[in-house]
Amino acid sequence: MVALNHYLVLSAILFAIGTAGVFVRRNLITILLSIEIMLNAVNLTFVAFGRALGSADGQIIVFFVMTVAAAEAAVGLAIVITLFRHKESLNPDSFTLLKW
Amino acid sequence: MTPGALNAIVPMACVTAAGIAAMVAESFREPGEHMPIAGLGLVGLIGAAISAVLLWNHNTSSFGLVSADNFGLFVTLILVCVGVLTLAISGPTIERERLPAGEHYALTLFALAGMMLMATATDLLVIFLALEVLSLAVYVLTGLRRDSPVASEAAFKYFLLGAFSSAFFLYGIAFTYGVTGSTHLDRIGSVIAAGAAQETLMQRLALGLLLVGFAFKVSAVPFHMWTPDAYEGAPSSVTGFMSTGVKAAAFAAFVRVFLSAFEPMRADWGAVLWVVAAATMILGTVVGVVQPNIKRMLAYSSIAHGGYLLVALLSGNDLGKGAVLFYLLTYAVTNLGAFGVIGLLESAGTQPSAISHQPFIPATGHQPPNDQVRDYAGLWHTHPMLAGLMTVFLLSLSGFPPMAGFIAKWYVFTAAMKAGYSGLAIIGVLTSVVSVFFYLRVVVMMYMTEGERPAAFPAVPRMAGLALVVSAIVIFYLGILPARVLDWAAQSIGTIF
Amino acid sequence: MQGWLSILIMIALGAGFALISVLLSGVLGPSKPSAEKSAPYECGMPPVGDARERQSVKFYLVAMIFLLFDIEVAFLYPWAMALRGLGWNGFAQVVLFMALLLAGYVYVWRKGALDWGNEKTERARKLRT
Amino acid sequence: MTGSPMLFYLFAAVAVGASLLVIAQRNPVYSVLLLIGSFGALSGLYVLLDAPFVAVIQIIVYAGAIMVLFLFVVMLLNAPHEDTDYDSHVHPLLRPGPMRFGAALALAFGVELVWALTRAGQSGAFAGGAVSSVAQIGHALFTDYAFPFEVTSILILVAMMGAVVLARRD
């Protein structure tokens, strides 16, 4: 029988993949995509808990998380565009003006 | 929804309305035309201040999600001071760097609305939404200088780590919702208190993830990487706004979530917070000493001040909570003053070029010319007033007796001693002593050493000059007669728990 | 699960039709590749440059505005379903929501984010005003 | 109705596989398309969790609008095939320090999460009534969550103004 734990473990795996993606990938767009994966993992946790508790709160909170993810994507990509106007590459290693 | 239920959100609604008005005014402004958008913002802020004062002691709450208790109102009044000071000191920065003025003011107002909402919200979801509103506005403000690669890079680093940590914060909320079945802080508190005997693993998981989200926003040690870059890259007025406003709102929500909802699990987060507070204080001071760039130096000093606030939060008794409020007020006024002076001096160095579209940063260096500590050499001879003001701000940051900084730090350390965290108090005193050195390094540079560049003396704009003088007076007032404000802070503690 | 069967069938039909037609043309058609035939087709002229040259930023702006107003519409679905139960209170909430987003739309429209003319005429028009 | 376990494992495998490919991919266009596939699997999972409305919104808003925006930006920036200065056949684990540290940190975090959740002991089957009618969701949304609903309009305003002021041509 598929239990709550299965969904929680699955969303933990997806969240870990997103976290790894933010560190590993050297391309700004893919880093933003990994953050979207993390937010999706959290959405899955919300819906799973909502279903376990039998209330509509979980699904409504997912609505708000999607709005936040969309707003973040819009602003994040706008910042990537301004960055790209200065330097032609998308590789974060090439942005090293601000040093330790 | 009875009309009475809307009182708690009136301060936030005033600032939002001002933000929207500023936005629409900016869209109808012809490119050349000058419009008093800052005045619009001021009206909104004054409206918020009046409504906050009227709501004092009423302890109203609306929608069950936002409660305007004295604690939230005190932080709202701090944010109004931050807002007024920011509007005043951002004038020169906007002219010199040709930032889009309307958007700058509108985004500042939206960020302030987000901060006020975060300070008064009693529901994790509303705290998260407010956190997102203020973070997005501040990311854009940081990157508003589009022609400077430094600013865009700072904005992207701040955005990346901010989005990353708000995903962790949200994951914490998801587990809290899973364990307690609701996101309201009071219901969470009661469920945790009831089940305090057998603390499930998931409660600790939720606690850890929430701590990560908050630690990032107050730039506590393991998550402070973004602070120096963001503070150096952003325009000075935005850096001042960011370092004070975001920290005040984040600490208010931090206190509300950890000292009311997760109070029963104190044993868990107490030890972790102890280590984080100690590490934040030590690292903020030690690394701050070696910084050549004055904005990076103040960034590390703001990390150290975050550490002192963590100590106050950790001590958790009534004295500690009052200490958090008082410290936030003095820190906000002082830091904004310091960044205001830096903003003015930056405009002193770079004469706005005659050619309309010449980027303000000379093609060679990407650093604004006088951003280094040594550029402050001999400031006393060229700008005596600015040098005097800067001295007051730096001395208050380091905690010199006549200034408010001393009272704030003394209040925090007594709270820590009373709560039995004498170890942290000792570390705090030691790091304060070390920090005196790197604040005085700048003061010595201003007075003793000879300045080689006869900087042309631009007229210090009336508004910015007035704001700096007023904040210096407030620092002295809070330093010498803090009694009244201290009992206001004490008054606001009873209501929250 | 029975409600979803129809949707599964629809997806299967759509995807199936596309796949089958591609596979059939690949399998049945005579394939004698030659240089001209395998070059990308540009109305007979020899292809120049790679397929993806830089587009202007107005595409991003329109996509972003579409995204944000798509969310507004996404909120209206549940509202429409539950309106009878919500009464005037729910109606007032959405009117306020729409008013705020209208302010955003006015800002975007006045700031010229939606202007679609090509850059040269746009700049000329801006200089004239 | 939690559906047969086989369907769950199918969707879970597709979601995890697509996400892994997204972060292993070099070409950003492929990673965006793979992510859309992963969202499809996720919305299948939502259907299994009796949340059909969230599944549809996931497709419309996430896959339909946010990923379209990502594709537009990838095309706009003509994102080059990732120009990694180190030669690409180096095994991922031998890449420069921070990436190995980050990947190891994420892996440890994932293992710890999974370990904690399996022991969390909430493995009971799903309780009774699930809320899956849109009218019920709508009613709850506009009564209990009326205020967050208005805050999202401010959030959208800030995002709109921020994106326009940053990405504008002049």
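Labels A, B, C and D are assigned to the chains in the order they are written; within every chain, residues are numbered from 1.
Basically, a residue touches a chain if its C-beta (ideal position, glycine included) is under 8 Å from a C-beta of that chain, and two chains touch if they have at least 3 such contacts.
Everything numeric in this text was worked out from a predicted model, so none of it was measured.
With A-D and B-D as the two chain pairs, more C-beta contacts join A-D.
With centres defined as mean CA coordinates, chain D is found 6 Å away from chain A.
Averaged C-alpha coordinates put the centre of chain B at 31 Å from the centre of chain D.
Averaged C-alpha coordinates put the centre of chain A at 26 Å from the centre of chain B.
For the pair chain A and chain C, the distance between C-alpha centroids works out to 22 Å. Residue positions of chain C with contacts to 2 or more other chains are 57, 60, 64, 67-68, 70-71, 74-75, 89, 100, 103-104, 107, 111.
Chain D has residues 3, 53, 57, 61, 65-66, 69, 73, 76-77, 113, 117, 120, 122, 136-137, 141, 145-146, 148, 152, 154-163, 165-167 in contact with two or more other chains.
Shown for chain B are the residues in touch with two or more other chains, namely 1, 20, 23, 125, 129, 132, 136, 139-140, 143, 146, 178.
Chain contacts in this assembly form a complete graph, since each chain touches every other chain. Contacts from chain B toward chain C in the complex involve residues 1, 20, 23-24, 26-28.
Only residues 63, 66-67, 70-71, 73-74, 77-78, 81 of chain A touch chain C when the two sit together in their complex.
Of all the residues in chain C, the ones that touch chain A in their complex are 57, 60, 64, 67-68, 70-71, 74-75. Chain A makes touch with chain D in their complex at residues 1-10, 12-27, 29-30, 32-34, 36-37, 40, 43-44, 47-48, 50-60, 62-64, 66-75, 77-82, 84, 89-91, 93. Across the interface of their complex, chain B is touched by residues 8, 15, 18, 22, 28, 31-32, 35, 38-39, 41-42, 45-46, 49, 52-53, 55, 57-58, 61, 64-65, 68, 71-72, 75-76, 78-80, 82-83, 85-87, 95, 97-98, 100 of chain A.
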